[in-house]
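The letters A, B, C and D name the chains in turn, as written, and every chain counts its residues from 1.
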Amino acid sequence: MAEISYRDAVTRGIAQEMARDPDVVFLGEDVAKPGGCFKATVGLYEQFGGVRVRDTPISEQAILGAAMGAAMTGLKPIAEIMFSDFIAVCFDYIANEFPKARYMSNGQTKCPLVVRTANGAGSRFGAQHSQSVENWCMMIPGLKVVAPSSPIDVVGLMAAAVRDPDPVIFFEHKSLYNSKGEVPDGEILDTLGTAKILRPGKDCTIVALALMVPRALEAAERLRIDHGIDCEVIDVRSLVPLDTKTILGSVAKTHRLFTVEENPRLCGWGAEIVSIVADEGFYDLDGPPVRITTPHIPLPAADIMEDVVLPTPQRIMETIRRGLGS
Amino acid sequence: MAEISYRDAVTRGIAQEMARDPDVVFLGEDVAKPGGCFKATVGLYEQFGGVRVRDTPISEQAILGAAMGAAMTGLKPIAEIMFSDFIAVCFDYIANEFPKARYMSNGQTKCPLVVRTANGAGSRFGAQHSQSVENWCMMIPGLKVVAPSSPIDVVGLMAAAVRDPDPVIFFEHKSLYNSKGEVPDGEILDTLGTAKILRPGKDCTIVALALMVPRALEAAERLRIDHGIDCEVIDVRSLVPLDTKTILGSVAKTHRLFTVEENPRLCGWGAEIVSIVADEGFYDLDGPPVRITTPHIPLPAADIMEDVVLPTPQRIMETIRRGLGS
Amino acid sequence: MSTAKDRAPGPAGSGLNDDIGEEKRLALYRSQVRLRDAEQRAFDLFLQNLVKGTSHLSLGQEAIAAGFAEAMVKGDLSFCTYRGHAHTLARGVPVEKVLGELMQKDNGLMRGKGGSMHLTSEEHGVMGSYAIIGAHLPIACGAAWRAQYRGDKDVSVCFFGDGTTNIGAFHEALNFAAVWKLPVVFVCENNLYMEYTPIKDVIPIPQPAADRASAYGLERILIDGNDADIVYRTAQKAFARARAGEGPSLIECLTYRHSGHSRADPAKYRPEGELEEWKKHDPVKLYRERLKQFGVTDEVIAEIDASVRKEVDDATEACKAAPSPPLDIITTDVYADGGWAWRN
Amino acid sequence: MSTAKDRAPGPAGSGLNDDIGEEKRLALYRSQVRLRDAEQRAFDLFLQNLVKGTSHLSLGQEAIAAGFAEAMVKGDLSFCTYRGHAHTLARGVPVEKVLGELMQKDNGLMRGKGGSMHLTSEEHGVMGSYAIIGAHLPIACGAAWRAQYRGDKDVSVCFFGDGTTNIGAFHEALNFAAVWKLPVVFVCENNLYMEYTPIKDVIPIPQPAADRASAYGLERILIDGNDADIVYRTAQKAFARARAGEGPSLIECLTYRHSGHSRADPAKYRPEGELEEWKKHDPVKLYRERLKQFGVTDEVIAEIDASVRKEVDDATEACKAAPSPPLDIITTDVYADGGWAWRN
């Protein structure tokens, strides 16, 4: 057991899988010799060599296309898209190629690959380098979508993603790279499609993802201390497959739902979860299910502005307090 | 007043605006001399000449980028993306450039353009040429998103889109091109952001878009005849801006909501509308708000399969009947 | 363009003992006739309303599909476009499987789930047909990367049209393949048109692919795509280079499609006489003459023609008799577990 | 590379009456010093933790920004990248406005909403700085299309790096501009590196832009990007061609960045001695020598240096004193109505 950073957990997860399976290869821009723009892959090139860990040209379509062709023919590629915003320049692979090949071929074509990418705000990079775009992937049938919030989940879900026979989009949160957590020694393998109840509670359910998880936990703690409100906090972890059982089960117990997401307002995963609960858990709900999101605007660059647009523990707390009428 | 097809309404809307404003230019693949792959722009080249109506290489990024640069510097371009699925190859302009330029420049940069594209299923084209992808655009802050269901709305909303100072993504439905409707003579100008109640009713609200509108109307008619259920049918027409007033007002009256969308299950506009109503109209709802969607799968090509995966009048009817417990 | 040496390696009538040889020449002929007849049949079936959805024929372009496929060996991989029937058939996929898919029958290659634009038969090395222009060029790179990584000796061959040379993915793939020296062969079938617009209207150079090879450090290769011998020899050279670890090739094949872009297109935009001119250079006709020059008898040719005709007829009947696919496959094979569950 | 003729149009010491002339030479010098000092200041302020977010300096690349900007006239348009401070300043945008944006102050060009990667000043012809590699090349085409359509005489100039030549949008834009003969000039600043990886590792040809010009029917242009005179003359020629309706140019400028890719990068990946070698060919130093060769006195040079220094100092103080932006602008200018309402 050791405390490692979320950043180092990325390296560890990849290294674990590359050591296990010679078919795992890794490519991306500046990922090999330089160790990645976020230094999340330092040492992989040295450990596994330049044949398995490769720097590419600035050609996101070639990166994802090559990953797909390799996956179709027997390798298990991990491809890095440096910032998740850049998924927009190679979106055809995400939306039209990876997720449809198996279906269109009536099961002939396989596509076991992982796209890992740095998602989310907090670095004052402005509107084109700060987005949370996991909903761009969640909405596409045929993909799996993961976004861990802690170092241990990074390792375990990375392993699960690499071993998964389907295309998995793996969102790492830029503002979590420096965060730390205990990670046991030895191999770690988690399960896609499983949410985690990080904090049990009875007054309401908070569903959060990635950077919003520590914020939701902080809000929950303050709600307990300041208002005696007992929140259940769920880290949804995997958007596809989605652990609706855990979410619906929680709402059946707490009768209230709040989702906390970094996505802009419209059509985020919060809307999906709220819609599922509003339909299937309608009679469990004692009050409106509420989404806490970033407003529907491009992200501003300046620190003081960026800090107020993302859901903060304060805003989460106040929204829940108001929502529960306390 | 004349009956014209949805296809001809596209030409008419564009022609009306090109005749009015010399700054309106039109570009796309095979749109000029050939009159478009769906023959929706036949005659524009002859009427307005090759300087204003231009065929391009197969370069969707160049098409949208050029439209943006022209819009920034004073023209009002209309760009065609032949099938909406191809938005995936130029998604950077949709997601990162058009919608963010004004904001990032603190209001300096303008981007008044229209992207029109053929959306939706029904032609047995398979998974890469049949998608309904209006949610790919709705989720991006800074865009406006329109999807008309009738010839008159095509003309009026096209005019509104061209005159709008913001980037508008205009979804035409492939399976509606042959449909017909009365369109008055003379200039037609509609208003973005306005839904239309096509059929008033008191028992439930059905919100539909594009091809789902005639299907919702048909379902409503059968529900009246067979079950005495009186549905209010709303054609949402414009996803951004979204006419939440009309939707919430209707639900306040009918107390039940059904959305009918062609999108696959996850994160479609139905989820957004259900979430808004579940939150803001929670106490108006007498039962679960229900989304009727295409299942979360790539679209199959074969006619018999494609026909059953899209919401049909039958499925809409049965879902509502079951939902209302009749 | 190809040189005289490429065009006619042995004097007419000198027998079949040139570099290509009798067996391969007969195979090249049979393949081209098969593609011609199967595609012509697809067109007829479309007129009878039995082919649904869209379809993109390669009538007139058969020498390219046949020439490359005959130069490939088992294990080599084909990456095709929506205009992929010919390439699929040329790798040995039964006509019935292809027509079945076009007719959306249960005996189709993908049982109707993919449709005419997405023909895939991995057992024959047909690694999919892609309907988003350019998407498969990077994918072919990836398959070639796997071969390089594992030391496999197969070549990935990627077919696309002239219009495809203007999309971003073309450029990214060519550069990527060249830098990584991947065993991939890019084959541009220049049939002079995109959908309805001539390629010459949208490029600033005469040849869309060949005139760009140097941008990727590659040799300029422009051949007569209607002469199966030239295609075959060019393919062999490129494959040898790829297998030797010398990297990719970009081959531009000049050709012409006899029919419209897709079933919806009467091809009115072509200048008068153009089609007729090209029909004089019809690959099937040309190759039939070639066989005769090499001394193949009319009887042998007629036998091939007849047996192909029978294959296509039988396939047609089988497809007409085949059932529609069952609806329960609609939700299979979204994910690798065979199902479509996105939730628990 | 540039010819001797380009490099030194008049014998040293022959006075300023060559094709460039005294006034323009002094302007070129002032501009380069201004970019150098302002960017050096940005770096210092970053070390003091006063520049937030990221920042990408052009130290060492000043001759390109200065040379092109001095060849532009009012109305000409610049399209820049995240490494756009220099190009923005070179068009006459006050140092204070640029530093203010980097320091996220209310006096910044975009009041902190855009940040260092998105500098925009339309009144100076700076039509935005784009942070997605390659995105602005097609956009510049569009601005040039407007000029062509309206008969406007302005030129759109689009700056980007060596690494950008490998992305799809580069290819689409170059082809599009060439076919439509648009008045756009594409300027590749080849500083030998992408973020941390050398460009030579990811291209199969020696020069990422120049060796691709022929793929678009364009002339191969490769110049010393550290010599402002050469840059200026090359720009003039390309602009004249554009204004005459003869179409686009693609110009590759060889240069070197003295600092890391961005503020986070200590640039350890560079071979020893490389920076030192390039510093001998420092554009500011080179140009100071050039002025002296042409007989400009030390006093005149010192005066320019001092006045620029004062401008940068004053700007720094103004930025330090400036307030942070008010939070109520967070939701302004999402839409043209000034607001952000997506619903009624």
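The rule we apply is simple: a contact is a pair of C-beta atoms (placed from the backbone, for glycine too) under 8 Å apart; a residue touches a chain by one contact, two chains touch by 3 or more.
Since the structure is predicted, the reported quantities are computational estimates derived from the model, not experimental observations.
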item: B-C or B-D, whichever has more C-beta pairs in contact; value: B-D
item: Per Cα centroids, the chain farthest from chain B; value: D
item: Inter-centroid spacing, chain C versus chain B (mean Cα positions, whole Å); value: 37
item: Between chain A and chain C, centroid-to-centroid distance (C-alpha), Å; value: 41
item: Separation of chain A from chain B, taking each centre as the mean of its C-alpha atoms, in whole Å; value: 30
item: Residues of chain B whose C-beta touches two or more other chains; value: 56-57, 59-61, 85, 88-89, 92, 96, 103-104, 126-128, 141-142, 240, 265-266, 295-298, 300-301
item: Of all residues in chain D, the ones touching two or more other chains; value: 113-115, 118, 130, 132, 135, 166-169, 172, 175, 179, 201-203, 329, 334, 340, 342
item: Contact footprint of chain A on chain D as seen in their complex; value: 52-54, 104, 112-118, 130-135, 163-164, 166-169, 194-197, 201-203, 269, 324-325, 327, 329-331, 334, 340, 342
item: Sites on chain B touched by chain D in the complex; value: 25, 51-52, 54, 56-57, 59-75, 77, 92-93, 96-97, 101-110, 112, 141-142, 144, 164-166, 193, 240-245
item: Residue ranges of chain C touching chain D (in the complex, touch as defined); value: 166-172, 175, 178-179, 201-205, 211-212, 214-218
item: Of all residues in chain B, those that touch chain A in their complex; value: 85, 88-89, 91-92, 94-96, 99-100, 103-104, 126-128, 135-136, 138-142, 240, 263-272, 274-275, 278-280, 282-283, 285, 287-291, 295-298, 300-301
item: Complex contacts: residues of chain B adjacent to chain C; value: 29-30, 33-34, 37, 55-61, 85-86, 88-89, 123-129, 265-266, 295-298, 300-305, 308-309
